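Below is one structure. I have some questions about it.
Labels run A, B and C following the written order; every chain starts at residue 1.
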Amino acid sequence: MPLITLTTDFGTKDHFVGAVKGAIYSSISDARIVDISHGISPFNTTETAYILRNAYKNFPEGTIHIVGVDSELNEDNKHIALLLNGHYFVCPDNGLISMIATEINPTRIVEINIHDRLESSFSVLDVFVQVAAHIARGGTLEVIGKTMTTFKKSFELQAQIPAEQNKIIGNVIYIDNYGNVISNITEKLFKEIGKGRTYIVRASRYSFTKINQKYSDIVDFTLPAHQRQSDGNKLAIFNSAGFLEIAIYKSNLTTVGGASSLLGLDYRDRITIEFQ
Amino acid sequence: MPLITLTTDFGTKDHFVGAVKGAIYSSISDARIVDISHGISPFNTTETAYILRNAYKNFPEGTIHIVGVDSELNEDNKHIALLLNGHYFVCPDNGLISMIATEINPTRIVEINIHDRLESSFSVLDVFVQVAAHIARGGTLEVIGKTMTTFKKSFELQAQIPAEQNKIIGNVIYIDNYGNVISNITEKLFKEIGKGRTYIVRASRYSFTKINQKYSDIVDFTLPAHQRQSDGNKLAIFNSAGFLEIAIYKSNLTTVGGASSLLGLDYRDRITIEFQ
Amino acid sequence: MPLITLTTDFGTKDHFVGAVKGAIYSSISDARIVDISHGISPFNTTETAYILRNAYKNFPEGTIHIVGVDSELNEDNKHIALLLNGHYFVCPDNGLISMIATEINPTRIVEINIHDRLESSFSVLDVFVQVAAHIARGGTLEVIGKTMTTFKKSFELQAQIPAEQNKIIGNVIYIDNYGNVISNITEKLFKEIGKGRTYIVRASRYSFTKINQKYSDIVDFTLPAHQRQSDGNKLAIFNSAGFLEIAIYKSNLTTVGGASSLLGLDYRDRITIEFQ
């Protein structure tokens, strides 16, 4: 039973996702299909990378991940298939893979050349499903494309380190369902550069001297429940994906607001950690 | 083929739902996974209860229901697993179960103690999936936790009856996809207290002397179609879940509005039935 | 393993979709269930037709398509089941089928008469799932209903041709996830009427003398990437479903806007092609 995931900017109202699933079942009747996300902001490769790198590792090896974000074939945007960390990816060559494969290199990459309908504006349906079906049947990547030795690079998920190594300069790369604001500073980088030094996290006009591991770390459970007043407080946390996040405890983005709206932190804004 | 449902406030854009599904398939390769809802308002236990109690009974017995709403483990929020009405639930002990189990008591409840990573901020991925996999493999609840005899109580879904039994005092507990407004007054309670007496339903400054069984009960089909003008009319109905609902016939919340916006009825507002 | 799709206006927050899936698994334990859309605008039959006609053909023959849009049973709105182009549909008789079956007639149609609970306000759960289960078990349509020879007609998806055949007069029938605006003018009709003549597409105060096959056809790849400035440009295209669409290249409806908001084109607005 092949496992195929979908990560797209199609939304869930239109016929796009249904059409793709129908085509997958028509080719691979015993497929199991999982939606990772169809809510990516249109054409946003950085969001795609953040979501996919945090989701894909939880699937069994051999899973085939189809990506439908900015995937129309043209001179600048080739279609590729690759094996990375035991997982297959079928996607455009638009920088996405470089943001997922930051620590592990792909084992093999091919430029897909089975296209019999180059004029398609719906590549996922007309090309990627066929490629996934080929892989699901145990086919090799070499049959469907020409081996490549490199792929496009994008550095949006990478924080900067000045030569003095006295700080990490990051940016907001994602705002999640709770309005929490996620930076491109990983816990791994924080440990490598910080080496146990004390630090200050700066985001907009706020600063934090502690980075938590759990949201409820900021609650003082020694107080009676009605005196705690922790809901609505801001905190810094290394989230479950390992990235530095600025959060509001128990925020609701659609009513009182979340970290993004309450602290005025938007996509691409700077977040830094200064070491002493 | 174990059946596992997910009810969360994760939204569907982020990687959370995909990561959980990947982990489930990694543990239970023949699982069937069903999304009940990922659109719960953040941390809203009452909404969770309303949605889950109306959905779960339709699944076959033995289904495992994972709940990811306000589920971070802390001193005040334990993780529990239980068997209720032939269904398994893996969820936080935050009052939710008391709103689902209003008529049937759980057969067995345990406080989960298999945690090997207490500092997780993503309990559904790190704990609940393991518990579900254990149950799916036929494991007993006793192996994964300590038997409990009670659980937290919440009364948000319960309408009030004054000593005179001359009315039922309810509140808005949910606003649905159509903008229809749902109270915590059940048809069962209405029959028990009303005993066939005539009644007036009061909601905001509106009143209703009839509670319908179908939305189109308010349409006069003896008139020619173009003279009916029933679209946009308000009505009271016992909805398919058995709760008193104030609705606008064929409303569209995002254009002209629904009962919530047009009649000014919001979450927690009072709705009463007075008997004569 | 029967394949069952769902197309509804239920949204994905409420319990409706979960309840229906639970009931399907209770009746047909080896079903594969696919969501085509739950985001249809409430009671909008034209949107339903556009989405379903573009999705259903990609599924294998024998797939059962359940439609839950405006499906409450009443004197004017019968429940039907039918076989069309090798696919089963279980839906209300509200004009929907006439917009899907524009080129192929249904092989067989029945008016469902197995209702044992006419007072239901949740027909999909209480009736359509039973009908789908009957079909999935290999049952004939005749057992669950009375053969019909006709069905309700709706012409919303049909563009108009004046006697002179010098133009095609269409309307906006759908606005997609990217804000792109889709008309009821098909490429097939364009070829039949146009017969290779030159043409002008008119939409709001804009005109187009070319209809593209791919979105990136408007990009001049001979220029260096930073000089292209094609993002945000408007274009006309026959989309992957074969309908004339007015699009903004790489638009984002929720930030800068899409064709609908930027060009002022709304549902039902006129779009024409004039031939010379």
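As a working rule, contacts are C-beta pairs under 8 Å (C-beta built on N, C-alpha and C of every residue); 3 or more make two chains touch, one makes a residue touch a chain.
Remember, predicted model here, so these are calculated numbers, not experimental data.
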item	value
Graph class of chain-chain contacts, one of line, ring, star, complete, other	complete
Interface composition of copies subunit A and subunit B: same or different, split at half	different
Superposition of subunit A upon subunit C: rotation angle, C-alpha, nearest 5 degrees	120
Subunit A and subunit B: spacing of chain centres that average the CA atoms, whole Å	31
Junction residues of subunit A - those touching two or more other chains	12
List of subunit A residues in touch with subunit C within their complex	9-23, 25-26, 29-30, 33, 41-43, 70, 72-77, 119-122, 125-126
In the complex with subunit B, residue positions of subunit A that touch it	1, 3, 5, 7, 12, 32, 34-40, 50-52, 54-60, 63, 176-178, 213-216, 219, 221, 225, 237, 239-241, 250-255
